[in-house]
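Below: one structure, written as structure tokens.
The chains carry the letters A, B, C and D, assigned in the order they are written, with residues numbered from 1 in each.
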Amino acid sequence: MTSIAAKNQQGQVQSLWKLISDESQPYHHILRMGFLAGITLLFLGLIGMLEAFNEREVIRDVVTLAQFVLFVPTFAAAYMAAQRIREEQSIGMVLVAATIIGLLSAIPTIVILLINTQVNIRDMFVHVNRDWLEIITFDNRNQLGLGIGLLLGSLGLAGLLGAVLQNLPQKIRRSVIFGLSLMLVIGVMSETVGLIMQEIFTDDFLDNFFKRDTLLLNSAIGLFVFGVALIWVPDKVRRSFVFGLVVAMVALGLRNLLLAIDSLTSIIPTSEEGFLDVFLYFLLPFVAGFAGRLYLEYGSRDSNKAKTDTKATTSTGRPIRVDLIVSIAILLVAPWIVGRALSDVMVTIGIFVLMGIGLNVAVGLAGLLDLGYVTNYAVGAYVLAVMTSTGPLGLFNSQEGVIVNFWMVIPVALLAAMLAGFVFAVPVLKMRGDYLAIATLGFGEIIGRLAVSDALAPIIGGAQGMSFIPKPELLGFTLKDPEQLYYIILVACAITLIVSIRLNNSRTGRQWMAIREDEDVASAMGINVAQAKLLAFTISAATGGVAGAIFAAKVGTVFPNSFSVIVSINVLSLIIVGGMGSNPGIVVGAIVLIGLPELLREFSDFRWLMYGALLIWMMNNRPDGLWPSQVRRRELIGDDSSPPADESPMMASE
Amino acid sequence: MSRYLDDFSLVDFTINALRVVIIVLVFWGAFNTLTLPADAGRITGEQWFDLFVAGLTQGSIYALIALGYTLVYGILLMINFAHGEIFMAGAFTTVFLATWMDKIGFLNGYPFVAIPLLIIFSGFISMIIAVLLERIAYRPLRGAPRLVPLITAIGASFFLQYTFRGLYGSGFKSYPTVDILKGSVAISGFSIPIARIFVFVSALVLMGGLYWLVERTKIGKAMRAVSEDKEVARLMGIDINFVIMFTFALGGLLAGAAGVINGLYRPQGVNFFMGFRPGIKAFTAAVLGGIGSVPGAMLGGLFLGVIEAIGPNLVMTGLGIPGPNQLQDVIAFTMLVLVLIFRPQGIIGERLTEKKA
Amino acid sequence: MTDKPKVGAENEAILMSHGMTKRFGGLLAVDTLDFQIPRGSISSIIGPNGAGKTTFFNCVTGFYQIDEGDIIFDGQRMNGKTPDQITRSGIARTFQNIRLFNNMTAIENIMVGQEAHLKSSWIGAIFGSPFTRQENAESEVRARELLSYVGLAGKGDLLARNLPYGDQRRLEIARALASKPKLILLDEPTAGMNPRETAQTTEFIRGLRDDLDITVVLIEHDMRVVMGISEHITVLDYGRKIAEGLPQEIQNNPDVIEAYLGRGAASKSKIEVSRVED
Amino acid sequence: MKRFLFVLALLALMVGIATPVLAQECDDALGCVEIGEDDPIVIASMLTTSGATSFLGADSEGGIELAIAGWDGELLGHEIEWVKEDSLCSAEGGQTAAQRVAADESVLGVVGTNCSSAAAAALPIISEAGLVLISPSNTAPTLTNDDTEAGGVYQPGYFRTAHNDLFQGAIAAQFAYDVLGARSLATIHDGSPYADGLQDVMATTFAELGGEVVFQGAVNVGDTEMGAILTQIASDSPDVIYFPIFEPESNFIAAQSLDIDGLENTILMGADGSFVDSFPENTGDAAVGMYLSGPLVAGEAYDAFLELWDEEIGGVPPSGFHAHAFDATNILLDAIEAVAVETDDGGLSIGRQALRDAIAATTDFEGLTGTLTCQTEAPFIGDCATGEALAVFEITQAELDGNWPPPVAWQPGMDMDE
């Protein structure tokens, strides 16, 4: 009797299980998405992200980042699920399904919430605390029933909204998403935006939009509307608008640059009230740029009306040249647009770009996976420190009349790093692939240990590091602020970039590529593989040395803990994230991996978490980087038949 | 420049010179150390023995972690850089269970039940993390260039570290002390702490079990088949995905077990960052032994442990280098580079290097 | 069999070996091999699978260091030289399974092939010296010439991996020719080709010798090609030379027939077919 | 064109909203910070909140949080806003954080940094911006010394509530030599400037007192196996081993010393880096009988602090500098309260130089870490902890069972015969 009932039940369970586990069934998908969203939400809470983000208001007194993030997993899951099942199901079913996903996504969190009322799990999970409870229950910590109801309701609504958005016409959807993203990005980065804006606008003026670095409600709505509108205006107007903004930025930068040079301050008109400034250095250039570009865009269309197919190519000719000029201009005045704090970040980015270009020679061109790049960086920094320090450990500090300055040491640092690269390369020349990676990783660790060691402390300071490194001087100016150091790094990057491109297109570059592709065959072509590899390591090391020296001069002190394996990993990762072998990719990679964490202060607790997640995501979804190299891009467009992610140009020889 | 580098001879010359220099340094340093006058800090034979045993103990923990690297490398040819974090995940999570067991008196009341339970629990946690990692991060990357999974693994390493930091906080925790592991036993005149014997024996049991599994069971055969040639194995009807998942699970299990064993032996310092250095060391051990080879990882681990324990005192003290213990990693990594130069197949491994490295 | 093969005095041989031996562990891959390749000839090396043909190529080109014996090319001892040195002295090769630089363009592949004759340095490249630029430009011109010589004109900017199979074979030969070799070793140049392509390739190989005056050594399984083009054949089995001589002599050599017959029907029929046709 | 005109009009409107700034009266040498009626009072922190040393940052942040909570989040009717920067534990991190703090003109003062390396790089920027920097855990003597010949890097605006190594190292040496009667010493550092500096002062002072330093060595952060170095030390059989390092390496050294033959009679000493509630528990039996130097945190105030910590933040502080951070924040807020001048429009005006002077004038501040008086003479410029509030604590079985802080074994000025 009972066994039959049990069997029956078992049968039911089985058929239910079948329904759920069958991937072709929508139920499966709905449950899965709901579950994933729920786990993500719980995860965000347990690792303390919600708590930390609750301190960042996206819109002042309206919504915090945590409240935003709370809905993101559910919203996204419902959106994706709707996208998938809308073909087979009626709109009503889709909406119901999305709502169910929303409700499901609340469950894991609610389970933990309820467990927490019975058992104290806070000893283990440190973020199951009051703040979390308050965020989750919308400040109804003491009326748990109400809180849970609110959570269920709001997540259900989020799911529903996700599906609704998915079902909107494409253009509306795009504009809404763009508007929201714009609002969110500016809201989160409002501090950075504020830093730039305060260079021209007065505080009182900015207070109308930002209050203590937080977006106000009206400006948030304004941004949203603006974002939506931007999608609806014609392409050309949008391009012209951005162009105008860039021109205005250049003008602003020029003004600040001139103001910073004492002798030139008087030649440009400024006003105490700020109105004249805003007009002259922001509005006027903006209008000029906007109008000029509009004219270019529309004017050229008129003249080319007849030949419609060639329109695109001919009409973009002039704007591209203009774009180039403006880009160079903005690079030249960048530090004066963004101010000191962001210039500091830019210099750091620049240092990593410099290292990235260098390491790219070894990894991207020659296929030598070097995980010990920090070695060269450390050598450059310590060479500069030992040679120029005016402190007790400085090599030339006590010799009267001997002047050793930054500029003289840069070549020495470069040569020293090359020597280090050479010396460390010799023993590993015959290794390949992973072995090379792990051996170089070992070198990096060895250098780190030596830098901190008591054994070398009498020369390089050991744990106490080296201090009193003077700032570079040029024509009587001391380049002490990041705005000025920026130009050193800019020039260094430019030179390195030119060298890298020239080598890339030369016989040497082809040798490296051949070795990367197939070392044996390269050798059969008459390439001296050992020599070419040595050269790659040595040249690659050179820029690391320069970067280290600039770093030491920038910081003014050198401590051994600046030279950890993290530096090597950062440089390697930025190359990969940007796009292997691609020079613009290196800049993009450095901005994303080095710059963004500096800008997003609230995320500092989570910078490495997100860094890790980004690397995993990138490798799984965009293994060719954010800005793939030209060869690779040609491939992506040109050859559909080859499987993606198969044999990138990086390590094909394995 | 090119004149002097016209062929490999410079490289060979340098490498040989390196070999000579290092051998001379090692012997000179050891000679100096051993002939120090007794009142100037000479280490007694008994102390050397203690260091040796300590090295073996530390080495068995390295070996357990190294097995995870070597198993995965053997099958996928990828360095699972995040393996140290899998070790951390088990050790960090289990510390709460162990503390609770200690609080209710279970741990010291029934240590022979409690300790295996802890080991199983930790192994289970690490296994789940390892399998999830494989499923989510690595599986889509099969067949990608080798750099891609390596970078993914580096990302996963950061991700796991900071996930656990978020979950359990950034402070240091400690395992409770177990009474039966205190004290030492005398074996033919030498006294050996029980905790060390515990580590050594548990490691041996686990490694023996693994060896049996790989060599004698069906799934072990499947693993070896997949590591030889994935395509052929697939044609033979082996479920590649399952075998790979199983390999990760096995590596995770061993790492998690190592986490608890390590925690009971060296109770302090349990936090989110605890996996990073053992991870790198264990990888070094795996390469030393010959990556891809199971016995190699075991030997490599023991070898590295002993070198680290004895090297600084024996060689560097004799050479008059101040703060030798600070440079123990230098010894470890120099060993690594030397092994890679002179015997790239590792102490016993050879199968993979000819073919694939 | 148009020309009378020039077998004869040692000074006529462009490549020869004495007692050449290569071991892998306990396995003798090449066993005390003596051979001579006449200058200006088209020679073939045949033998069953695993006979040591490719190992022989690898030893000659320096991929493997031989354990005993001597290899003499153009009067110089080649023992102990690295592949790049050997290429510089005038030997070029292709590979059984095509090994192009897949992620480089066809032109780049050929330009790498010219390595042996390029002189510009990295320093010149960094500073953009006139010599480097000129050499680079000339090198590209020559590469384009070679490309059209092998019939790939216009495909220079495609990535090697995107070329069809037959083109990849040609490109590999072009790359080998770029080093201006005196001797070229072709490892199964017609593998995987249809009869028409095979015939074209055979003519092309003959042209290498006739037009460019390069000595050619082939490894080939297709007996039609071997018998149709070779002036001198060496037969290897288990790393030893079991026969040597003119095509007709080889066809009738009992050792050769046994070596092939002992290995299975496929090889047997192959040699029989070619005999019937002859 | 219509749209274009619209945008133009919009921008013109935006500019029109901009109202001219009224120049305020301010005669402070470094300028004043004007705080509007509804604006908050802004202080910043620069701590190491990510990476391996993030427990230090979490520890100090907790102290700051509780300090602000102690003011109910308000000062003079203005909300206290706390800007957090991550200075890492490195020079470049300190510099970047300092640039960011300096860019925010409303910031009055900064609590930080944790690591001396970060402070050395941050100080020039902080100082030039007219800010104050009060560190809860920098102990390097160079930071409060303006004699560059001696390696001093002091810049105006720097203060600290942490104990200068010169005090703590000397006290440790005095205690070891005079009270414990030790004549030979071994020291271990961990490669951090803090530990290296402290053991250096200790060893120097110990030698000056007449003792012999038989071993000075180091371990690495992350080491777990201390057998090698302890065996080496055992062969010199010192009376005292001094290892002023952090958890968990200090736990490992203490715990593993039990296994080493020849160290049975050696006394272990640590410093405030390990002066943490969790230290005895984490170390186990070996902790009993060990001495730690540290701030004189004792009494009800500290117990209440720990209780509040558990309630607000959870658990126990992860390191030994939270009380310093608590005091540093209070000194800063006290000083702001003292120098703030109410303006006509209901806001506040705070002179930056005045703020510096007010902090420098802090005397007999009753903090968790004892009575603090900020000094003005080299080599202690800006040292608010005078060393008198330092003590040597002895860990007993009671601490192993959960008591904290441990009983004071000795305090400077205490009679030797006691």
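Quick note on the criterion: contacts are C-beta pairs under 8 Å (C-beta built on N, C-alpha and C of every residue); 3 or more make two chains touch, one makes a residue touch a chain.
Note that this is a predicted model, so its numbers are computed, not measured.
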Consider the two chain pairs A-C and B-D; indicate the one with the greater count of contacting C-beta pairs.
-> B-D
Most centrally placed chain, judged by C-alpha centres = A
Mind checking the centre-to-centre distance between subunit B and subunit D? Centres are C-alpha means, answer in whole Å.
-> 37
Provide the C-alpha centroid distance between subunit A and subunit C, rounded to the nearest whole angstrom.
-> 51
If you average the Cα atoms of subunit C and of subunit D to get two centres, how far apart are those centres in Å?
-> 74
In whole angstrom, what separates the CA-based centres of subunit B and subunit C?
-> 48
Spell out, as numbers or ranges, the residues of subunit A touching 2 or more other chains.
-> 123, 126, 449, 452-454, 528, 605, 608, 647, 652
Flagged in subunit C as touching 2+ other chains are 82, 121
Which subunit B residues reach two or more other chains?
-> 2, 7-8, 165, 169, 322-323, 326, 329
The answer for subunit D against subunit A in the complex is residues 3-4, 7-8, 11-12, 15, 17-21, 39-40, 42, 49-51, 54, 81, 84-86, 89-92, 95-96, 99-100, 102-103, 106, 117, 120-121, 124, 140, 142, 148-149, 151, 153, 189, 191-193, 195-197, 216-218, 220, 314-315
Listed in rising order, the residues of subunit A that touch subunit C in the complex are 499, 502-503, 505-511, 513-514, 517-518, 520-529, 535, 539, 631, 634-635, 638-639, 642, 647, 649, 652
Of all residues in subunit A, those that touch subunit B in their complex | 43, 46-49, 123-127, 363, 369, 426-435, 437-439, 441-443, 445-446, 449-450, 452-455, 457, 528, 530-531, 534, 569, 572-573, 576, 580, 605-606, 608-609, 611-616, 618-620, 623, 643, 645-648, 650-652, 654
Which part of subunit D faces subunit B closely enough to touch in the complex?
-> 52, 54-55, 58, 191, 214-220, 222-225, 227-229, 231-232, 234-236, 247-249, 251-252, 255-256, 259-262, 278, 281-285, 314-316, 318
Subunit A-touching residues of subunit C, taken from the complex the two chains share | 61, 63, 82-84, 87-88, 93, 95, 99, 101-104, 108, 111-113, 115-116, 118, 120-122, 124-126, 128, 132, 135-136, 139, 159, 161-162, 175, 179
